[in-house]
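Below you will find the structure I want to go over with you.
Which chain is which? They are A, B, C and D, in the order written, and residues in each are numbered from 1.
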Amino acid sequence: MSMNSFGHLFRVTTWGESHGPALGATVDGCPPGVPITPDMLQHWLDKRRPGQNKNTTQRQEPDAVKILSGVFEGQSTGTPIQLMIENTDQRSKDYGDISETFRPGHADITYWQKYGIRDYRGGGRSSARETAARVAAGGIAREAIKAIAPNLEITGYMTAMGEMEIDRSRFDWEAIDQNDFWIPDAGAVQEWENYLQALRKSHNSVGGIVEVVARNVPAGIGAPVYGKLDTDLAAAMMSINAVKGVEIGEGMAAARLTGTDNADEIFMGEHGPEYGSNHAGGILGGISTGQDVVVRFAVKPTSSILSPRKSIRKDGTPIEVVTKGRHDPCVGIRAVPVGEAMMACVILDHLLLHRGQVGENRGKIG
Amino acid sequence: MSMNSFGHLFRVTTWGESHGPALGATVDGCPPGVPITPDMLQHWLDKRRPGQNKNTTQRQEPDAVKILSGVFEGQSTGTPIQLMIENTDQRSKDYGDISETFRPGHADITYWQKYGIRDYRGGGRSSARETAARVAAGGIAREAIKAIAPNLEITGYMTAMGEMEIDRSRFDWEAIDQNDFWIPDAGAVQEWENYLQALRKSHNSVGGIVEVVARNVPAGIGAPVYGKLDTDLAAAMMSINAVKGVEIGEGMAAARLTGTDNADEIFMGEHGPEYGSNHAGGILGGISTGQDVVVRFAVKPTSSILSPRKSIRKDGTPIEVVTKGRHDPCVGIRAVPVGEAMMACVILDHLLLHRGQVGENRGKIG
Amino acid sequence: MSMNSFGHLFRVTTWGESHGPALGATVDGCPPGVPITPDMLQHWLDKRRPGQNKNTTQRQEPDAVKILSGVFEGQSTGTPIQLMIENTDQRSKDYGDISETFRPGHADITYWQKYGIRDYRGGGRSSARETAARVAAGGIAREAIKAIAPNLEITGYMTAMGEMEIDRSRFDWEAIDQNDFWIPDAGAVQEWENYLQALRKSHNSVGGIVEVVARNVPAGIGAPVYGKLDTDLAAAMMSINAVKGVEIGEGMAAARLTGTDNADEIFMGEHGPEYGSNHAGGILGGISTGQDVVVRFAVKPTSSILSPRKSIRKDGTPIEVVTKGRHDPCVGIRAVPVGEAMMACVILDHLLLHRGQVGENRGKIG
Amino acid sequence: MSMNSFGHLFRVTTWGESHGPALGATVDGCPPGVPITPDMLQHWLDKRRPGQNKNTTQRQEPDAVKILSGVFEGQSTGTPIQLMIENTDQRSKDYGDISETFRPGHADITYWQKYGIRDYRGGGRSSARETAARVAAGGIAREAIKAIAPNLEITGYMTAMGEMEIDRSRFDWEAIDQNDFWIPDAGAVQEWENYLQALRKSHNSVGGIVEVVARNVPAGIGAPVYGKLDTDLAAAMMSINAVKGVEIGEGMAAARLTGTDNADEIFMGEHGPEYGSNHAGGILGGISTGQDVVVRFAVKPTSSILSPRKSIRKDGTPIEVVTKGRHDPCVGIRAVPVGEAMMACVILDHLLLHRGQVGENRGKIG
């Protein structure tokens, strides 16, 4: 049992602090024979990397990943893969003045209350930099999935940011990779950008919603009752910094529906069962139906803002906190590749688990 | 690793099917010396028990719990506590005709696709009856919590059901235990009842939202990064049958907020830090702040309805499914004690973990 | 994490005390479609059952196992299998006088020192009765193994008991099931019986060594570095009551060998690699070679003896303890089916793990 | 679940291969506030380090450990501690000719049979170099133990090596650190050295027995039934490369004893219970008695020897293998600090677990 580990057979343990020498992930349970190169992982890290455009933090980190073990001649060997990302742009002095202060909305106070010691530089272990390690591990998961379910695709995008919300009638998969917000609507990008820049200029930040979809997931992965695919997805997403809500399929809105509306009717298609709708988000009883697996999560506004907020020092005296540093006005944006990585890790884990539990899909239909 | 287990140091494994001889929970990690009697657990089981009023299923199950191990002379011994609830009202014939059929919205089809065999009677393992075992285990957690955090209180209630929604300005803790819906507003009960009975008469069902609050939780429990208190709560709630979304504090609505709105400002109170608001739901960086821990989850409408829905048989031929049996028009109602039980289990687990991780709260403020 | 659970994908949690209402095992991870009936399990329980001959305790327990869940129409469903054995011959009064006393060699004193409460009746949780649950679970593992490795055979036998030791030149597999000591030499049985009866009459007991062999284990199961097949076997055997030593292959004697003696030379046989010897006990680097997997463990003499031993009461005052009750003069005998059960559980677990880790044997030779 | 992790609350995951860029350990669950510097860990690594004298391999590795995370201003923070040891003396060419060959007694063949790919350089993941990571992690465990049980001492030594065996009547704790074999008898060192050098010159190797003793372990740590202190110790030691047997207290010899001989009689001492003997090795029912915890394990002879042994190539053709490289004539010697490290990890883990399970020692005596 490790508080810093995630997954069952494919198990990822992240380590490292924002301003220590390095951070990374110990990845255990990757099947052997998966082609893995640093470049493959770098591709996903670059997607998450800060400093790329004016909508994210200006901190410049190359986030170059090194593979220290578990890969031999370009292939996984089945032994633990150690991924290391060295921290290079550690402007610790930005944080020196907060060593005795608790920033509202940050884990400063709770880490202190729990441990009585904290690496206060850049949030230490609670920094969003930890998610770089997840993205690298997710890159491994994506490669390993290919050998088991070659058509499986995992795609994340934003669906809302403060007052902005996507128009699903204009949904365009192709647009997602073409804009800084990962939204599926090229026509909305300018409005989102104007909105965010206005917030930034007013020394504010804003929350967002990320949706991650896995297509072509085989039916029958997942498990009752606590090892459900949706249970693991909920945990995976809620474990990301700043996430406050997780939805599967219809999500919270399921509470408003009636049973007749919510039923995903079943038909026999050419290649197996098909469904008239996907309120379930591709999961019934914790097990995949073969439909798209749809997960959505809300990211709270960045707590580090230039607007002064009331707080206290360690000695209990009051203070007004203004967080200088370099911060994302909407951390939700950079949570997109993180959500994708978590989806990839959970799905690989359940693909492997299914083989261990059952060996192969058992029940035939039609 | 067990797919049917939950928790770290306080570990609950549920077992059993809806229409087998019995179901129950193997509870490991309860500290020694906790007073436990069947009556204490029965109190919570009775709260969840079906057949009590016209708003829930008419299935009559005494749900009498037996303690088979781990309790000696009225006290826990530190060894596994086996809880058994015998199934007595198993009208299996209600289900015989569905052995070859997949009910929309149910796990019938996914269990079949995964395992190639399923106990189809009443949903088998995927039945909501499994939650009786959780409620019994939660009763043990509640007793064990008393020895560690005597003032800690866990209370669940509904906040929405289809078109119904509570008016938070009329919130009344006392009302919760006085009505069939566990809503905190006695004045709204009649309207909720009329609404639900109309749905039932039209052979329909509806979803609902349950909120569970833990008050007087000590600051400093929880852990980074995957063993967060909110991660474990999200998993716990999502693992309950029919749950499609989980929120902590502000939840999905956090996406709409700005950083200045969302910041819970900190002040020094007489007994420690106090907060100007609780958008965070009592958790920062996965660790409790000492504020109320607030979790909310959405339960989809009961899938078993008398209105015909299109589906297929195992052989792929089409069929219209009408689920007779005896079903709750809103399973969300009976999810209230289940959500409370899961909250109790998670909080006890983290109280115990904290002692193992740190020994005692370390960081002093003021 | 449960202190009372064992295994990774095939996970067994035992529960229950010697003199409570029942004891049993929660078995999670059995693959679906395995034929399981109470009779199949009873076969192995009867092998372990006390009261069968004068060489074991005269306590009469039918040890009838009930299957409460996870089996439908004679087949496993993939959900948890709950096995319950009711305690019927609970002569608790035999134990009443020891509630304030610590018996030498028993866990009385350590349970008290750890928990401050103990079910003193018959050793409570530390009673060898707990092993009945293991044997039942092992019966399930044996059935599940058949579907994956049909020729795999697991056989246990004694190799030593006090001054008695088998003559390996007279080893006879057929003899094992034909005598009360499970020794592979029919000609030695009378001598073993005379020896044990003399010890019993002198109010004494004696230790023993059990060897368990698994034949036709596929090459390639197990894992580096802490999840080794031999690591799990060592843990499994050491977790059995009264076991003080575990050996794989050459065991402790490996310390006396030179490298040239110890090397198991490799040859190419008709169906794959063959070995000139099996000092390794069928495991290299934690992974099976395809040779016989050979495990040996020592069981200490029964601590409950009629000869008086010096001890103290809970209040610290001295006492002479004579354990009346009904006890085995050599618990090693009844440890044979327990060792077999543990071997079956570990091997099934690693067969399942291998599928989850790799999918199929990968490396071809020749 | 990770196959490369060990421990419950104090959880160590090792990673890395013999000839990759680095190896190390991810250490999770170290309590906060423990003073940790690289020097503290280096002390133990130097004890294990090769190339120090003619009795161990001449491979020169500085084995310098770097701390990449989890330590802030010289103290543990409660977050994962990443320990990295870079490989510097990788003479891979020594191994090139074995890429297609299986060395007898090595994991070459089983890794290949399991994974179909292996890093053959120096044994890859199955190399004894992996134990350097354990020793580093054990150094952290030792420091963390000090804060909980300040008088606890862990000491390992050899008791046998081939035909050599210590004379317990000459046991001298002070001598252990003064000789290359870690034997508790200065007078025997020359004989051991002559014996080993003769073996080396004859191109042979030999096995050994290591005993590790923990003194001043508090009574009451450990747990029934699978999480026993001795179960975890057996697993810990058996997981070390080349270990073939593990004993607690009397060990395998318990099989020869009678109940009257084996009983450790109990007396009331000034500070609590005392025992007339320690056949149990300090553990009853899986829980510590407060006596010395005594573990012994056998290490097989080094399989890499200059004497030719018969084997096969990957293609099945026969070959005679002579392992050149630089190897220890008795790996048992360098297993001493490894055994100590494993003991430290297990004991810290159970000290932490005890707090989580019980909170404090509960049962008072006298």
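Remarks
Assume a residue touches a chain if its C-beta (ideal position, glycine included) is under 8 Å from a C-beta of that chain, and two chains touch if they have at least 3 such contacts.
Please read these numbers as outputs of a predicted model, since none were measured by experiment.
Listed by label, the chains that touch chain A and also chain D are B, C.
Centroid distances from chain A, each centroid being the mean of CA atoms, peak for C. Inter-chain spacing, taken between the CA centroids of chain B and chain C, is 38 Å. A separation of 45 Å divides the Cα centre of chain A from that of chain C. Averaged C-alpha coordinates put the centre of chain C at 26 Å from the centre of chain D.
Contact with two or more other chains is made by residues 1-5, 8-9, 14, 29, 32-33, 78-79, 114-117, 125, 224, 353, 357-358, 362 of chain D.
For chain D in complex with chain C, the residues that touch the partner chain are 1-6, 8, 14, 102, 104-107, 109-117, 125-126, 130, 160-163, 199, 204-209, 219-228, 230-235, 237-239, 241, 244-268, 273, 276, 279-281, 283-290, 296, 298-305, 307, 309-312, 314-318, 332, 353-354, 357-358, 361-366. By the touch criterion stated above, chain A contacts chain C in their complex at residues 1, 9, 29, 31-33, 78-79, 148, 224, 352-353, 355-359, 362. For chain D in complex with chain A, the residues that touch the partner chain are 1-5, 8-9, 11, 13-17, 20-24, 26, 28-29, 32-33, 66, 68-70, 72, 75-82, 84, 114-119, 124-125.
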